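Structures for review follow.
Next, two complexes with chain A in common: one pairs it with chain B, the other with chain C.
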Partner chain A sequence: MANLVNLIITGLATGAIYALVAIGFTLLWQTSQTINFAQGDFVMLPAFFMLPMLHAGVPYWLAILIGVILSMLILGYGYKKLLVDPIRKHGVLPLAIAGMALSIFMQEGVKNYTAEAHVFPALIPNLDFHIFGAVVSAQSIAVVVVALAVVIALQWLLNKTLVGHQMQATAQNSTVARLLGIPVERMVLYTFLINGALVAIASALVSPLIFAKFSTGNIMGMAAFTAAIVGGFNQVRGAIAGGLLLGVVNNIGSAYISAQYRDAIPLLLLILVILFRPQGLMGRAEERTV
Partner chain B sequence: MKLLKFAGLMVAASGLASVAHAADKSPIAMQDIAELSGGGATVGTHWRDGIDLAIRDINKAGGVLGHPLTVVHADTASSAGTARALMLKAIDAKPYVILGPGYSGSVAVTGPMAAKAKIPEIMGGEAEGLTLKGNDYLFRTSFGQQSTMPKVAKFIQDHWKAKSVAVAYVNNDFGKDGKNEVEKDLKALGINVVADLPSEAGQVDFASDVSKIKAAKPDVLFIYDNEEESANMMKELGREGVKIPIMGETTIAGQKVIDLAGKDAEGIYCHVGLTTDADIPAIQKFRKEFVDAYHYVPDHNGMKGWLAVQLVKAVTEKMGKVDQADFAKTLHGMTISAKTDPGILMTVTYSKTGDLSRESFLVHVENGKQKIVQILPPLKN
Partner chain C sequence: MKLSAFAIVASLVVALGLLVGPIFLSDYGRYILSMWIVMSIAAIGLNLTLGYAGQVSLAQGAFMGVGAYVSALMTIHGWPLPVAMLTSALVCLVLGWMLGYPALRVQHHYLAFVTLAFASLAFLIFRNEEWITGGVDGLANIPRPYFLWMATDGSLAFYYYCLGVLGLIALGYYGLVRSPWGRAFLALRENPVRAMSLGIDTRRYILVAFAIGSALGGVAGSLFAPLVQFVEPPAFAVDLSLKLLLMVIVGGSGFYFGPFLGALIAVLLPEWLRFTQGYYLMLYAFFVMLLLVISPSGILGIADKWITDRKTRVASAARAATASAFEETKQ
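Let's look at the complex of A and B:
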């Protein structure tokens, strides 16, 4: 029982990070029909914005804040203006391929700078808590808390503010939104900026767990993409549920079913969801007009 | 007229002689196939820099039998498929020897190709099976698992009087071979393997592995993972407050792993075939030169790269000629003494299978550094 509790809590911590990245996938898809195949590397890169500052003695919170701002500018604004806008008009497929190219470019760029793994300081010191007999690390709890706080803030922005309503309207039907006078392009830009912030926060949360390394994005991108599909690609809450579920299933599956097939277990879940609920666990079925 | 013809012949003869002389001093070309990017980038870059340093030193001292050494580096991107393609390209270039790769999976693919082309391949792979397939052209630069795991099992028995062990290993051919070998050696000593913990390269969460360790309650944990996964495993153990004696083989006592794992690496024991911390003058000289040249401390892979080139020098000088056909034949059963060939760092003997035997080290991690606590004698081939 104690082990199970621990597996669930650490799984939720990992899953919460997947969820943040998966939310970015869904936001970009809803507002701009963009699937960012470099999303995993978007998580990898901000750690390398923050690390030099941390090494230079910049306070932790300030380094994270500057990292988030840089990420919003480069991975949000820059990505949209330099890659998405020129290519999107040619269709989803060219954009998907451009994303893959960007992924390789980012990995190789960082690798030229440093190919080694780097220690990234944790959010809080290493302390243990005892929950139902299980020893749970404070870092796992902190990751869950921060990720949940970010998700709640995002939900508040989307549901309780005028800008959030405009963003949702843009996501649901950009043509009608434009007719209603909503500045659609600006709303789309906001989602890219939000994605930039989300990946930077995910980067700060995951890097202490698996180190900062050029190849981190491979795992994160795949896991978050799977989470987004499992939860529902067109719903933010679906991405959250998918991420959390994936983290927990991965842990419990590798502990109680097979560690050798740990990478296959989430994909089995993905196949089951696609077969029996193609819109995802919490996704909305979309009708297509022909 | 006759005098002119004679003078012309003399000039032509001297020209030919100078061409022949130049041919005598033609470079000995080697091809390096290494993991310069991807998951094995650390392995490959250390290996490459070791090679380059050895070549620089040897060429500065006049080369091998007067021939300068050259090398072309190629990047496998840590993929066996790419290594195979690069080996095809390398064979076309007809190098004297092939150096690398470092990953056992890549060596398993490239070894038969080099053998077919009759080109000696001096590699960094450590999987047990590599030298058990009758390949006469394949040579190690470090111990195979069949040489290291008996020492590991013996230490676990002697030091901790262990009755049960959990084995964490990287879930690939290298890791599985090592796990099978150590399991066999532990069983022979009456020690049970009570938890089997495969991990994937780049694995994010080690909580399930640690939960299995807690459930199995082994006396000792043996870690045979890649660098980051080794560090992550130790960090997760630390995060969950699990105190367990840890034994490793080479990787977990690397300075990079110690740095990544921080205080969670304190107290681990590890068998190490090669270490730059060894208090051996030749090794310390190598280390200093390496640090001066590249501004970082080499790990065992840097030493392996260096030794691969020194092996080429020692064998070629023993033959007294640059003869690819005789290279493998000469190296089989050859002992290279560190007294006569200081570049070889420690006296080494090669078996008929391409395995090697030499002294090795048992290290303990104290205050974030390796400390050698025992020098283990060479095994008999």
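Let's look at the complex of A and C:
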């Protein structure tokens, strides 16, 4: 029982990180019908922006902040201008394939730079404390708190500010939004910048748990997409629920069912949800685009 | 007319080159060419599913894996390769048919991820089910096949064996894309709703497209096993599926010769770019992105556009000439 509590809490921590990545995924999809196949590698890369600074003695918070800004510039602005804009007119599929090529490009690039797994400093020192007999790692709690803060800030931005309302309008119906005088293109750009920030934060949160390595993007990308699908692709809260659920299910499954097949659990979850409830557990059914 | 004569001459030259050229190559050169054949077969299958029928699949590498394991296990236990090849094709046909079911419900990126999930699951099974796949140690000592009474242990003999299989498949593929099924695939890709309204059973054709495409993946795998003579799980990890997809896209998805060209580039590029050491995949990925910006229908798409433009120019020049001649006669 005590073990189970710990499993759930660490699962919630990784799940919260998945949720951040999945939110970025769904935001890009909603505003610009962009499926970012390199999203997992977008999480892998910012750690390598931050690591050299950390090794050079830059304070933790400053390194993270610069990493987030770099990520917004390169993985947000650069990605949109250099890859998405020229290809988007060709359709969803070429863009998805370009994302796969980008994923190979980024992985190979980092691999050529360093193929090893690097230790990444954690947000707070790793202390365990006991609540009702259960061991709880403070790091997991910190991850959940940070992720929660980011989600709340994002929700505030989307629901309480003018820019947020304009972004939502763009997401719901870009044609009408344009008619209403909303600068749709700028709103789309904002979502790419937000995605850049989200993946950088996720990178800083996840790297202490799984090390910074060129290949971590594969797992993160699949997890983020699964979270987005399971929750519902057209809902930010769906992505959150999907991410948390996936984190917990993954942890419990690997502990109680099969460690050998732990990677199979999210895949099966993905296949089942797509087969039986393609709009996701919380999503509304979308008309099939033909 | 002139152009088709050019095409015939070009195909004859290529066919002759494929028949005679390898005699002058080293063992390694023949190995690379045989690998090109294997990858071409798998890419042809994917081109049917993706290029013609418009269904994304990131599982072709997994089908190659299934084919390779089936063929390796059977030939190690003394079965002849053609029997193993047909069995691989049949197993993959059934699996591909089943994988087609999600495609009936979802499209595009959803489908890409479902098939990606399938490929990841297949990799886990190859790795974990040691009792049948040998686990991480893989399966070694896979024999080369006999053709009638002749052993194909030598690199040249086995190359011709592969070439023969490719020839048969290329013929079947040519017939298929021109058959009513091939037309139905195209209709499915271009406009599924209209295809349905014209009475095409889209459900069945999606499943057929997946099944045939996957079966060819199985055939490719069943040649891969005796070529490399060793199968292990990392060879069939998800990146093989990705590479096969990129082959189809680079060559030109939906073009008959697309998979041949795409596979050629993918197999030769690492050899040409060997001097760049670890950077060749980066360069390749960069090239793919650039290509997608310029022409999402691949290299043959560029060639096709160029030919069409030229034809249009010639035709409009001819039209202008007749028009001015007509004006002159009027005066």
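The criterion applied here is as follows: the second predicted complex is superposed on the first by the 287 of 290 C-alpha atoms of A that agree within 3 Å, B and C clash if a C-alpha of one lies under 4 Å from a C-alpha of the other, contacts with A are read in each partner's own complex, and residues count from 1 in each chain.
Following the convention adopted for this analysis, a residue touches a chain if its C-beta (ideal position, glycine included) is under 8 Å from a C-beta of that chain, and two chains touch if they have at least 3 such contacts.
A quick note: this is a predicted structure, and the numbers were derived from the prediction, not measured.
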{"item": "Touching partner for A:K111 - first (chain B), second (chain C), both, neither", "value": "both"}
{"item": "Touching partner for A:S140 - first (chain B), second (chain C), both, neither", "value": "first"}
{"item": "Partner chain in contact with A:D263 - chain B first, chain C second, else both or neither", "value": "both"}
{"item": "Partner chain(s) touched by A:N218 [first = chain B, second = chain C, both, neither]", "value": "both"}
{"item": "Touched partner set for A:L123, first chain B, second chain C, both or neither", "value": "neither"}
{"item": "Touching partner for A:I66 - first (chain B), second (chain C), both, neither", "value": "neither"}
{"item": "Contacts of A:I87 with chain B and chain C, given as first, second, both or neither", "value": "second"}
{"item": "Which superposed partner A:L148 touches (first chain B, second chain C, both, neither)", "value": "neither"}
{"item": "First (chain B), second (chain C), both or neither touched by A:M100", "value": "second"}
{"item": "Touching both chain B and chain C, residues of chain A", "value": "108, 111, 218, 260, 263"}
{"item": "Contact set on chain A toward chain B in their complex", "value": "3, 6-7, 10-11, 14, 108, 111, 115-117, 119, 126, 128, 135-137, 139-140, 206, 209-211, 213, 215-216, 218-220, 223, 247, 250-252, 254-255, 259-260, 262-263"}
{"item": "Complex contacts: residues of chain B adjacent to chain A", "value": "37-39, 41-42, 45, 171, 196-200, 202-205, 207-209, 211-212, 214-215, 227-228, 231-232, 238-241, 256, 259-260, 262"}
{"item": "Complex interface listing, chain A residues touching chain C", "value": "35, 37, 83, 86-87, 90-98, 100-102, 104-105, 108-109, 111-112, 218, 222, 225-226, 229, 260-261, 263-264, 267-268, 270-271, 274-275, 278, 288-290"}
{"item": "Interfacial residue positions of chain C with respect to chain A in the complex", "value": "56, 101-102, 105-110, 112-114, 116-118, 120-121, 124, 128, 191-193, 238-239, 242, 245-246, 249, 278-279, 281-282, 284-286, 288-289, 292-293, 296"}
